[in-house]
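Take a look at this one; I'll ask things after.
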Amino acid sequence: MKYLEAIRLALGEALAEDPRVFLYGQDIAGTFGGAFKATKGLTERFPGRVLNAPISEDAMAGLAVGAALEGARPVVEFQFGDFATIAFNQFVNHAATTYWRTGRSVPLVARLPVGGTPGGGPFHCQMPEAWLSHHPGLVVVAPATVADAYFLLKDAIACQDPVMFLEHKYLYYHLEADFDPRRAEHLGLGRAAIRRPGTDCTLISYSGMVHEALKAAEMLSQQHDIEVEVIDLRCLRPLDTETILASIARTGRCVVATEAWPFGGIAAEVLSVVASQGFRWLDAPPVRLCAEDVPVPFHPDLFAAHHPDAERIADLVLETVRF
Amino acid sequence: MKYLEAIRLALGEALAEDPRVFLYGQDIAGTFGGAFKATKGLTERFPGRVLNAPISEDAMAGLAVGAALEGARPVVEFQFGDFATIAFNQFVNHAATTYWRTGRSVPLVARLPVGGTPGGGPFHCQMPEAWLSHHPGLVVVAPATVADAYFLLKDAIACQDPVMFLEHKYLYYHLEADFDPRRAEHLGLGRAAIRRPGTDCTLISYSGMVHEALKAAEMLSQQHDIEVEVIDLRCLRPLDTETILASIARTGRCVVATEAWPFGGIAAEVLSVVASQGFRWLDAPPVRLCAEDVPVPFHPDLFAAHHPDAERIADLVLETVRF
Amino acid sequence: MDTSTRITHLKWMILGRALDDRLAKLKAQGEVPGSVFQGRGQEAYSAAGAMFLKRGDCYAPLIRDTAGRLVFGDFPLEAIRTHIGRRTGRMKGRDGNIHRGDPDLGLLPMISHLGAMISVVNGTLLAKRLTGRLADHVGLVSIGDGAMNTGATHEALNQAAVERLPLVVQVADNQVAYSTFSDRTYACRDLVDRAVGYGMGSLTCDGTDADACLATMHEAIARARCGEGPQMVVAKLLRLAGHGTHDDAAYVTDEMKSRFGDCLQLAERTLKVQGVIDESGIAALWDEARASIQVAVTQALAEPIPVAADEDWCAYSERNLTELRA
Amino acid sequence: MDTSTRITHLKWMILGRALDDRLAKLKAQGEVPGSVFQGRGQEAYSAAGAMFLKRGDCYAPLIRDTAGRLVFGDFPLEAIRTHIGRRTGRMKGRDGNIHRGDPDLGLLPMISHLGAMISVVNGTLLAKRLTGRLADHVGLVSIGDGAMNTGATHEALNQAAVERLPLVVQVADNQVAYSTFSDRTYACRDLVDRAVGYGMGSLTCDGTDADACLATMHEAIARARCGEGPQMVVAKLLRLAGHGTHDDAAYVTDEMKSRFGDCLQLAERTLKVQGVIDESGIAALWDEARASIQVAVTQALAEPIPVAADEDWCAYSERNLTELRA
């Protein structure tokens, strides 16, 4: 099953299991089934519950807030996560604040296709998690595996709080795994996963970058006998600081690799937690490897240089281990 | 001179010195002179160059981008920084990316009244710097003193890059200082200031929180003989990591205090820089004290508890020094 | 409109005015930490909209809707509590003044960002429709001349039209947005000219004429109820107060003032002239309003303020999500 | 319109079509990293707008404006470079395809967020006015039926009307926004009905009729030039391609196709029937277009790609600001 198919499966099951669920987004209805085809076939199965939205991201988010307050379970698809800037206000000032201000939950899910693909350019490759997670009140999720794409989406739809669900565009079709939802194990919302145990260094990432981290870990094991513990955050907000700190306590070293810009990103938050709460365990400076600090470039060569990859992650881990 | 008067002075001088400068914002024109009176008297002195805008923050920001591209020097006033969420897209995707994408600078200034006042509540007290500084391309400035309110605003208007200028609402009328612009010394854009030298711990803050930091330093000196070095960041993006790291090298300890939420905020960024680049000098975990992680409360008692103050800052410094 | 509706309308107008006045006084007395915004001059229009709502409808008032809120189920005690920041009441001192609301009642607690409430009302209506509970329910949303120009308003009005939702948008063109006159806010002849561009029904009325307000809002809401799709109502009137009590509104010209009467004075006069109510009847309404407000003030002032130490400072409703935070 | 204008118009339409076709072919050949969007069916309208612009005007085209861009000063080599990501040209491989532009020319490089360009054009016009350089200059901005519903569009159109800027907004109602038909995009009779709500002048035309496009855009731009304030033009037509080359547009129905012709075929036929140009004259225009594009393709393919090691990865133009970063 592909990552995208896992998302479609979760959407279909949620629609089938819970009559309160409906889907709303640009071009998601009918035979077209969305820019990335996540909702293909769902209109036929659930007529009237998969609705096309006008190009009005603010109103899409606002409608979801209202529907959630009214007891529905709206799942809103954005065509690209980059366009969530337009809905930023409804997300952080409305969805995120309502529970604290009024005691009423706002159970909505916003599905945001994020991350880079070569040739995507500055406005179709961004990672929005930094600005979606600063304000208190939103749950921010970023599945890296096929199983998580399925389970975390089901969890997100069941969650009482508003969830920003970040789907990596590159993984949609490029990530495939054997996966049986009735058998697979699954960690709940809010927990990080140790994707590969190790003793020499903790390597933290999420979303598409997890696969580069795993490649780096494999390279280091093969070439340098270094055993890296790879953590996939899964849920960025709230952050599973317990799992992170427990790992640092074992390894004494920390590298964070993300596809996002560095300044104030998730990597910065992780490093602050590690530095302030894990200081006593650290044998080397905790460091991060993020995207270059300019818009995401269009040309594939620039794009490749802009994004961290397994090699550069491995280099940084090596430097950290040898500190 | 009051903080607000320093801003008005800078605006008046900029208008007088540079015919390309104009002001645009809600309720800033005429005898009214803005919600906080920053532009009072300027319409009379510069007719036609102080323009009222409709309640259209996205279009306000977009107009500024266009005017800047056309060679003007727009200074846009937002009524509250909280409403910059609406202009977020034009700021981060348009103003911030244009130079890198096209080689053309976008010299605009957005003046954002930020920060908490008791009774202001969840939508009139926010600190927007985290989400304005994550994307590359914006300069983010947050003056804490009367002199900086004046000099940094003049610098911002002269700057070739788009500047987000964060003015603290509480300081508008509550901060007053003897200040002669022709005599005062002044650090340029991009440099942090050491507001009080010290040897035992580096205490970093910006905007309104600098005054609590200075109070905390004074308390610690008087009561505990602890000499804290207080750094006022002044410019949040780019961050003056040189000054920060040099101070940490001297003191070996670091506390960051901000009025913003913790997650992925400026404090997180500073801690990451300090942990990753200043690790060898650290004798204690670098830590932060931020606002409580919920919307800014309306009631003054909750508001007071929500925001860090001198006492709590001092406690954390003490803990850090005694680590 | 029948006599009892007109008298009820007057009663709500008076209660709204009296409550706003009392809130202003509480502000002057130092009891209110934040701002006080008043609906003075807009009571007739505001109350008229809410009067034709029923249980199960949704209402999103704005800063000038003290009267409409009261009609819909807000009450003086809750209004005062929220202004003075008591921990009793829905907002518990966490949010204040005109941000109060009660989602359980269908009274949406506004956020400050103008225009943001409309799509939220759309969402409540769409959710009702999808889950088979819409029946003849409607949503009513209030908006000012200034806020008509936010992108959020536009997206939401178009959205309501595309979904053919039973939304009534009640536009109060009170000549100013804070200090800014309409000529710097919009350039069309009348804001109602926007309705056709959304494909909405539309109505206008004199916002200072209580009977016109009643008839017009009655008609608009009836149309929405019977499936004619979203409706836009635009009334012209004048804000007879500052933007908030902190604002002396010196910028409002005498010419502007000369063009608009006070809806409440006008209503009292008309009803008296028509023999619907007499001087003492009106005085009784005022006495009753003031008395009930005085009771509420006394109680609210005696209620406890929030205690920081009791707060759990958690923005999530799913507590298990936060237990993980170190 | 005079004969030479009509022939020039045809020439630009042909060049636009030929360039789009060549870009699609380059995409099929694997030379284009990103998407290719085409203006097929919209060339007459797009070119007509830009033809009445002059040096010093500002133009913000969108994804279907290959033709209009060429008229205004974009050229095939720049278009191809930007699509295939060469470091030559304005965008240096940093941004691609329809994001190209040249602010020095007044050709604004679009960002993807629909509606965002309009207020930027307003800004250029206001800046010109404030610094005394406006004279009779105008700004032209292109927008689709779908993008008319973004908040950004609304705020900017109202802003232009309030400032009475010489803005012409050229709406191409091509029946679809990606796969979404107009009935899920707007509910008014015609998008031109929005003009009155902004207080703008308005015009409509058949977007498949080249002469109508010329006459209408000429009139709209002339009105803006002589101080009549912003103008909205709405043309109906059909996108005769997928949203991008990746999209087979299977959702476009035969009924829709039967209602709209191909502006280019129609123009060729009309001009032939009227004896303005003959078959060989048209063939010559095509040959010329294809030849010039072939030269550009050959050159662009030979041009160097960007080199990551040469990048300074810095988003600030003030280099001193970044020197401080450790």
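Think of it as A, B, C and D in the order they're written, each chain with its own count starting at 1.
Assume a residue touches a chain if its C-beta (ideal position, glycine included) is under 8 Å from a C-beta of that chain, and two chains touch if they have at least 3 such contacts.
Computed from a predicted structure; not experimentally measured.
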item: Pair with more cross-chain C-beta pairs in contact, given A-C and B-C; value: A-C
item: Centroid comparison with subunit B (C-alpha atoms), farthest chain; value: D
item: Centroid distance [mean C-alpha coordinates] between subunit D and subunit C, Å; value: 44
item: Centre-to-centre distance between subunit D and subunit B (centres being mean Cα positions), rounded to whole Å; value: 40
item: Rounded Å distance, subunit B centre to subunit C centre (Cα mean); value: 35
item: Of all residues in subunit A, the ones touching two or more other chains; value: 53-54, 56-59, 82, 85-86, 89, 93, 96-97, 100-101, 122-123, 136-137, 239, 277, 293-295
item: Subunit D residues counted as touching two or more neighbouring chains; value: 91, 94-95, 99, 111-113, 149-152, 155, 158, 162, 184-186, 314-315
item: Touching residues on subunit D, where the partner in the complex is subunit B; value: 58, 90-92, 94-95, 99, 101-104, 108-109, 111-113, 116-128, 130-131, 151-152, 155-156, 158-159, 162-163, 314-318, 320-322, 324-326
item: Subunit C to subunit B touching residues, read off their complex; value: 32-35, 85, 87, 91, 93-97, 99, 111-114, 146-147, 149-152, 177-180, 184-186, 250-251, 305-309, 311, 313-315
item: Complex contacts: residues of subunit A adjacent to subunit C; value: 19-20, 22, 48-49, 51, 53-54, 56-72, 74, 89-90, 93-94, 96-105, 136-137, 139, 159-161, 189-191, 238-242, 245, 273, 277
item: List of subunit D residues in touch with subunit C within their complex; value: 149-155, 158, 161-162, 164, 183-189, 191, 193-200, 229
item: Subunit B to subunit A touching residues, read off their complex; value: 82, 85-86, 88-89, 92-93, 96-97, 100-101, 122-123, 130-131, 133-137, 237, 239, 261, 263-269, 271-272, 274-277, 279-280, 282, 284-288, 293-295
